[in-house]
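Per-chain residue numbering starts at 1, and chain names A, B, C, D and E are given in the order in which the chains are listed.
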Amino acid sequence: MSENALLETHDVRVRYHDTHDALRNINLTFCPGEVTALIGPSGCGKSTFLRCLNLMNREIPHCHIDGEIDYHGQNINTKKQNLYDVRRNIGMVFQSPNPFRKSIYDNIAFAPRQHGIKDRARLDEIVEQSLRRAALWDEVKDVLNKSAYALSGGQRQRLCIARTLAMNPEVVLMDEPCSALDPISTHAIEETIGAIKAEGICVIIVTHNIEQAARISDKTAFFLLGDCIEWNTTEVIFNNPHDQRTKDYLTGRFG
Amino acid sequence: MTKSNGAETMKYSQRSIRHAQRNDKIATGVLTAIVAAIFVLLISLIVYIIASGANKAFDLQFLTSKPEQFKEGGGIGPELFNSFYLLVLTLLISLPLSLGAAIFLVEYAPDNEVTHAVKTAIEVLASLPSIVVGLFGFLLFVISFGWGFSILSGALALTIFNIPLLVRVIQQALESVPQSQRDAGLALGLSRWETTVHILLPCAMPAIITGVILSAGRVFGEAAALIYTAGQSAPALDFTNFNLSSYACPWNIWRPAETLAVHIWKINSEGVVPDLAAVSNGSAAVLMICVLLFNLLARWFGRHAERKLMSE
Amino acid sequence: MNDSTLVNNMPNRSATSSGTLHNRANGTRPQDSTRLTKGQIERGGKTLTGICVGIVLITLASLIVMVTAKGLSTFISDGISPIAFLTGQVWDPHTLDASGLPTVGALPMIVGSFAVTLLSCAIVIPFAVGSAIYAVEVNPRFGRRFFRPALELLVGIPSVVFGLVGLTILVPLIRNISGGTGYGILAGSLVLAVMVLPTVTSLVIDALESVPAPYRQSSAALGGTRWQTIWHIVLRSATPGILTAVVLGMARAFGEALAVQMVIGNAPAMPTSLTQPASTLTSILTMNMGNEAMNTVYNDVLWSLALILLVMSLIFILIVHFIGRKSEVKHD
Amino acid sequence: SPSNSSGSSNGSSDSLSGSITAVGSTALQPLVEASAEQFMTENPNVQITIQGGGSGQGITQIAQGSVQIGNSDVFAETKLANPSDAENLTDNRVAVVGMAPVVNKDVPLDNISMDDLRGIFTGQITNWSQIGGPDEDIVVINRASGSGTRSTFEDAVLAGAQAPADFNPQEQDSSGTVARMVAETPGSISYLAFSYFNDNFKVLNVDGVEPTADNVTTNEWKIWSYEHMYTSNSPDDTTQAFINYMTSNEVQSSLVADNGYVPISSMKVERDAAGNVTQLS
Amino acid sequence: MSENALLETHDVRVRYHDTHDALRNINLTFCPGEVTALIGPSGCGKSTFLRCLNLMNREIPHCHIDGEIDYHGQNINTKKQNLYDVRRNIGMVFQSPNPFRKSIYDNIAFAPRQHGIKDRARLDEIVEQSLRRAALWDEVKDVLNKSAYALSGGQRQRLCIARTLAMNPEVVLMDEPCSALDPISTHAIEETIGAIKAEGICVIIVTHNIEQAARISDKTAFFLLGDCIEWNTTEVIFNNPHDQRTKDYLTGRFG
């Protein structure tokens, strides 16, 4: 167990509909200020794993999560655990940018309001800070009251990141955040990831783009058909993978 | 940016989270209660309707004999037959028409103002009160065409009532066939018509069957559109009579035909038979059982067709 | 496998694949000369289905024209003032007024129709929205497996059966509780409420289901409770759909004839209380249409009532479209 | 259209054939249907179809010539847009219907004066205590304004008096519903044809005269009307044979008399469309 | 103009909704027995281009194709051109395997039947040959009457290829045919492509998998934002691209 581990999984296993084993024996550790990339071919369970970490899988009725997920050393995969606390501290950004049909301001202020912050000045501050952290403030500061759907795809995705940052999370999970975006937006998002990592946030990102994983991550985990085949520093994974299947995948033999 | 900021947020929120979670529980409770109420209502309604007419509804004599004018013990034989016959005729007319119209709207109609207007027109047709449809049928078929109160007039009125329902169902079924099936057909050099008939329709069939049977249920129970079109009298039927111009011939489409639903309405307003309550409860129960059967049938057919399509 | 023999054996392939497209096309279908070409099939199909649409449209058009013509003849050939017709409070066609025309004030029926419609919708909305939320958000499995089928069943119950049940259970119940006859707007509204409930509920379910799942997910991922998600995100995006559902429910309630006629009491007087007998457009229409000979002024005024029903259902559809357009504008 | 193919006949009654359609009055429908059934057993080649739809429909369709018989509770003159069209129709009166005021069982009266009855149906009397009953509001249940029963009742009882415009009792289109409502609604009063009488409500005498068939025949009981079966002025033989059958002793003494109608043959008075009563010799 | 060119485009331009230029000035040439790969980031117009070639874009009402598409030296992008002939000769395979909801046999026999072949023996022959050419015969020869949906994803895709081959096309267009498949199925499809290429069929394939393009194609065209940036032999594109953007894309700078 790593000394400064923020989030750790022990033998996590996920089944859908009792029969189907979507994930098996996943043991990974994530630390603050570190970007971990999860890679692997389609359907290997990357998203499933990501959704375990903030208990989003609980929303799927027929999904069973076994094993331990330790957050700050405490298992959160128990019935007693307050979901909402977990989710506020472990934010999530989805594949397709999905802002609410509200104004830009309200998109960000929504969750803080729901969590009891009513003071307008305080909300203004949270909105500004979050947008700055997502590197979106300069682009939208004059149109905060416009609909979020007036933004471009890349901007929407950064808005979603800002929305998550407004909760002040310690971990941010991202499920293929750039797959629907153009190169320039992708670049902007990657910069944002760099910035929040520098703030000490732990980022876990699923990506299909191997080059992106190489560019931005410190650690990389390779998944295949529900197993985590290899997990190591990105350096090692890309230059000197221990497993033949990892090598095959990275050289484009499949996927 | 430090976590201290977050700690402050936390303080605010512990209370509001508890609050939110309590609200969540209350809301769930209220919603559950509402659904339970509706369910209880539905079940008791059905049980009540069937129970109060059960002794008649399962009596073969009642189901086959003809109604009496002044005496007890009349049945609903002709009415029951008329209901089914009208339903079948209505489907025979409305199904091809709706199928054609829906195919045109989904596959051929250009995406423009005219198409939009046509779709709106069909919605208008769907929202017309059935009594207005019935009166139109009365004016056009019964009076202008001189067909009198007849099965044909009734079936056409029901067709007007049924078409918008069916068009909508078929339209949705066609639209929900994945675009990839359409592409596959077109890319093989087939015409849109062939693709639609041979590829899309079979895929949409389970949904169409379900929709048609469910709409049949509504047609079966419709009364307002029939009072002034198919009429309020049921000549006694003779199933050995195949003279298509005779009123006793069941298949004659020029004869008046009171249906079960109209019968319930009529005897409750005009009836003089002593066992009026029993007859009307019995008829209601029969009607209800038929509608239940339609529902079960729709579900069974839909599932069966689906399975048949997915794997042999 | 030998490629060349394979290719030569292949159906349709012309000997030289380097001919022009035209040649090749001819070469590939020797037996097509007797068949319809694809273009012909396509035109045939399009024409056939186009005719179906045409028939439907002609039917609708003639319905509107005929009912309108009939309905307007009251004012045009019988000389009854439309304003007096719409605002008059006395309905007694067989009594002539000062000018020798029948006393036909349709206001009591118009008010009656609106009263039962609005009241029944007021009853239905909480139930429809509440149960739809339950069936979509709280327990989708139950929603799909049991609730939807149950609603379809309820849609299928014929309106005369509702009327009969209203007559045998509801009316005596109201009479015992509130005195009076039991017949009236309250009884009519309750019967209508049960009748339109399934229609409205399934439309609300559709509206809720069409809210994209990512909205819910992102709210949940931000730590929102289910109720917060429903209240602030789902219901907000589904509002146009819910309004549409309610308006369509109103259209149905407004046009329902027999069930209402059986329980409302049919007194053509301005409704003063919920438990006093009242009347609606449809109830007066069904009751009297058979009693009056065609082309008499007594018959024409009934067609004018039918015209009001027709116009109202057009208005309901216009409202639905207005809601649709409004929400499109707001969303993008 | 085939539904209207009229009967052809060679005169002798046992070889009658053809089909007849009769449309109209729902009140007369059961009687005609029952008679038609008997007639058809006797004349197997005849098809008779009886349709409801209301008196208005009956008169409309016979006036248009689209059916053979138009059933009506009222004189055609009062329904037709152009009353002179009635000259093209032959009025066959097949029965007389007596009507009487009926009240809920909780009303302790057995007799009511014509004046009190008029008071009630014009809204002047609103409480049973005003006419010697208990202190209970009177619930008036009227018939739909175009119905034959109502016009008969109003002709006989109101005698030209107008109900004020603000008097709007509830209306029912049909006897069945009225019977049910009177039986169930305390303090209610309405009027029904004799054929609808049953034990669930109470029938009132008027001015001491009992509502019986005998009293109708002498016009001692004043609330009655004819049931008409209109035909064209030159009906085909089958239709005429059926009309004759309806007025024959066979129907009049059994079906008509047994089911609460008054046989036309027993009438000792005659009334015309304008309401003038003449004694039959 | 190449001597043995089968299909050529001249200044093809595609607009959706009048305003949006999805493709500009595309000039490419395709020869029999040659595999051309179209690569480029998402949304650059690869699929749009592919759908021009067999006039499938005609089915999209608001899509306008300008320019010349010469097939056997004859422009097919004209109103007079018979669509159905073009599509029979230029087959198409889609991204997600989309067999008809019919039996395996009927999937393949359906189009020949519609085109007038009723003779059962003849149909049997077509079905067998097509399946053989798509390297699927051995796997399905005993279950020809089973539903096509009983097959695995990779088999379904090969069935779709066989279905296309049954029309005896001269050109086969493939839009990311392997993106939904596992490594083994991908391999099988690639073999099939090799086989039909050897038959002299011209294959044009869109792929997101750069390694796949390198493995199977003779020529490669790189698209970016509606332009064809570079078109050359695969050799040149991968080892010595002329354009910096091509190089950036291939080394994973974006996409």
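We take it that contacts are C-beta pairs under 8 Å (C-beta built on N, C-alpha and C of every residue); 3 or more make two chains touch, one makes a residue touch a chain.
This one's a predicted model, so the numbers in the text were calculated from it and none came from an experiment.
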Chains in simultaneous contact with chain D and chain E: B, C
Chain C and chain B - chains in contact with each: A, D, E
Chain separated most widely from chain A, comparing mean CA positions: D
Centre-of-Cα separation between chain E and chain A, whole angstrom: 36
Inter-centroid spacing, chain E versus chain B (mean Cα positions, whole Å): 45
Separation of mean Cα positions, chain E and chain C [Å, integer]: 46
Inter-centroid spacing, chain D versus chain A (mean Cα positions, whole Å): 83
Chain C, residues touching no fewer than two other chains: 38-39, 167, 223-225, 228, 262, 286, 289-290, 294
Of all residues in chain D, the ones touching two or more other chains: 26, 52-53, 60, 172-173, 177, 180
Junction residues of chain E - those touching two or more other chains: 83-86, 88-89, 115, 167
Pairs of chains satisfying the touch condition: A-B, A-C, A-E, B-C, B-D, B-E, C-D, C-E
Chain D - residues contacting chain C, complex: 26, 52-57, 59-60, 63, 79-81, 139, 144-148, 151, 162-163, 165, 168-173, 177, 180-181, 184-185, 188
Complex contact set, residues of chain E against chain B: 54, 56, 59, 61-62, 83-89, 91-92, 94, 96, 98-103, 110-111, 114-115, 145-147, 149-150, 160, 163-164, 167
Sites on chain A touched by chain B in the complex: 82, 84-85, 88, 112, 114-117, 129, 133, 167-168, 170, 199
Parts of chain B lying in touch with chain E, wherever the complex brings them together: 110-111, 178, 180-181, 183-191, 194, 198-199, 202-203, 309-312
List of chain C residues in touch with chain D within their complex: 90-95, 103, 108, 167, 171-172, 175, 180-183, 261-262, 265-270, 277, 279, 286-299
